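There's a structure below that I have some questions on.
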């Protein structure tokens, strides 16, 4: 048995149509103002999107290694309402808003308890490894459509 | 004489109402897709904004050390049009769009030659070190107003 | 009840004198070579050290906010043996090696299953917020001494 | 003419056998202790090594794109003596110490004026894109040998 067997990275969870993903704030995330540097919330949100894909069975690494393609952020709008600090336990809430042939629109909020710290709308485009837009794999689109229907039942 | 005396970090330049700031892409900026990781353009843009403040005589570090306050990003919208790669020489173009009592709105583009890679509208709020909104120093607001008039002549 | 209540960041665990801390690799951690960028293992190791302090009841944020001091890395030696890739589940193993009045020496390994990817010896010095060396709080030193004795029984 | 034509990233310079490379400290580099986060000096040093290669005519991006190989850090020892702060102008001094068939050993210091902030010995191994050790291109090794002889005349 590996000594490290029992500690595992925190997995996110789907509940209805929302994916919940935990993040803790470390020194690397802060800047001299004592708060999380603004660009680092984009890292937290990307971790949550990658985890959501993983939870629904989409293997991004296999898709890259097979040369199929990769998601790239095509645009985003973000509002910063309150600041996270060292050791804060945050939760990123993620919902698929719109699924198009070659992109998805995703709504994300970074929460500290009941408080919304940061809120964003992110458009991720599926592209080839050479950078050209590409239709998402059909099975993935069906997964996203399923996610969106989840909470409606 | 210091051995290092003659090499200096690249300074940005104001031309009319636009600030130009150069960035080169290093390994740290890329991800496994071979392109600059999306959150890192926000770092490039922040470097350019800090340099613009420096060029017009605003000393952010002194303001922090004196407990006066600091700029924090309150919101931004960004579009990613094309990707930067290792060793690319980029230029960040920055313009002050709107100056309010406690915030400024700034338009930024990351260029590779004539090509716009990324374009953003950024709202930066001036806040106390405890995180409360605060009026920007009067002298700074006058500087921003001067910048906006520059190109009009 | 908060929607986010049940997802929590992964905590590390002490087992004997070793602390185990899980890390998953995300896009932000990789570079264009398809592997984790070398400086990012230092981030993983710092997360693990901070978690170890947290697990034994040391509150770094409170110490900073009270103006008592903070740990700063004074030196480290690291060997990179094998590379981590996107989606890898890693475990950082951490052991306190030596406790001195104003510093501690820590041995850390980043594991993927049974394989050692990276191994480091890190010296962390306790310093005031102005950057001067300072004795570690007595209660902390007793905690470290206790950790070192753990596995001996 | 491109508006951005005249601003360029700062290039490093070889003087004798030493390469000098300038770095300015931005918000992204600092942490809540108000100083540069320890892992970020490794980023500064990697920028300087990449610039040194560029200055002597080695094109890392072309080598990656042609599938020839890439440098990976195999190990390093670093001492942190003093801290850099926001807006500091630093110079990274780099010297090739030893050239072997598949690796080079490099000595690097991060300076603020005459003061050594950080000093490191870095071993970089040339590897295939699959991660296996590989002989460095002969022309590159000759360049490194030439660098080492420079200051001796």
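Brief remarks follow.
Chains: A, B, C and D, in written order; residue numbering restarts at 1 for each.
By our rule, a residue touches a chain if its C-beta (ideal position, glycine included) is under 8 Å from a C-beta of that chain, and two chains touch if they have at least 3 such contacts.
In this text, all values refer to a predicted model and were calculated from it rather than measured experimentally.
The interface holding more C-beta pairs in contact, when A-B is weighed against A-C, is A-C.
At the subunit C-subunit D interface, residue numbers used by both copies make up over half of all numbers present, so the two copies contact each other through mostly the same positions. Farthest chain from subunit A, judged by C-alpha centroids: D. Measuring from the averaged C-alpha position of subunit B to that of subunit C gives a distance of 33 Å.
If each chain is reduced to the centroid of its CA atoms, subunit A and subunit B end up 26 Å from each other.
Averaged Cα coordinates give subunit A a centre that lies 25 Å from the centre of subunit C.
Within subunit C, contacts with two or more other chains are made by residues 27-28, 32-35, 39, 43, 46, 64, 85-86. Taken in their complex, subunit B has these residues touching subunit C: 27-28, 30-35, 37, 39, 85-86.
Note for the complex: subunit B touches subunit D at residues 2-4, 6-10, 12-13, 15, 18, 20-24, 26-28, 43, 46-47, 50, 54, 59-61, 64, 85-87, 89, 91, 93, 111, 113-114.
Subunit C makes touch with subunit D in their complex at residues 32-35, 38-40, 42-43, 46, 64, 70, 72-80, 82-83, 129, 131.
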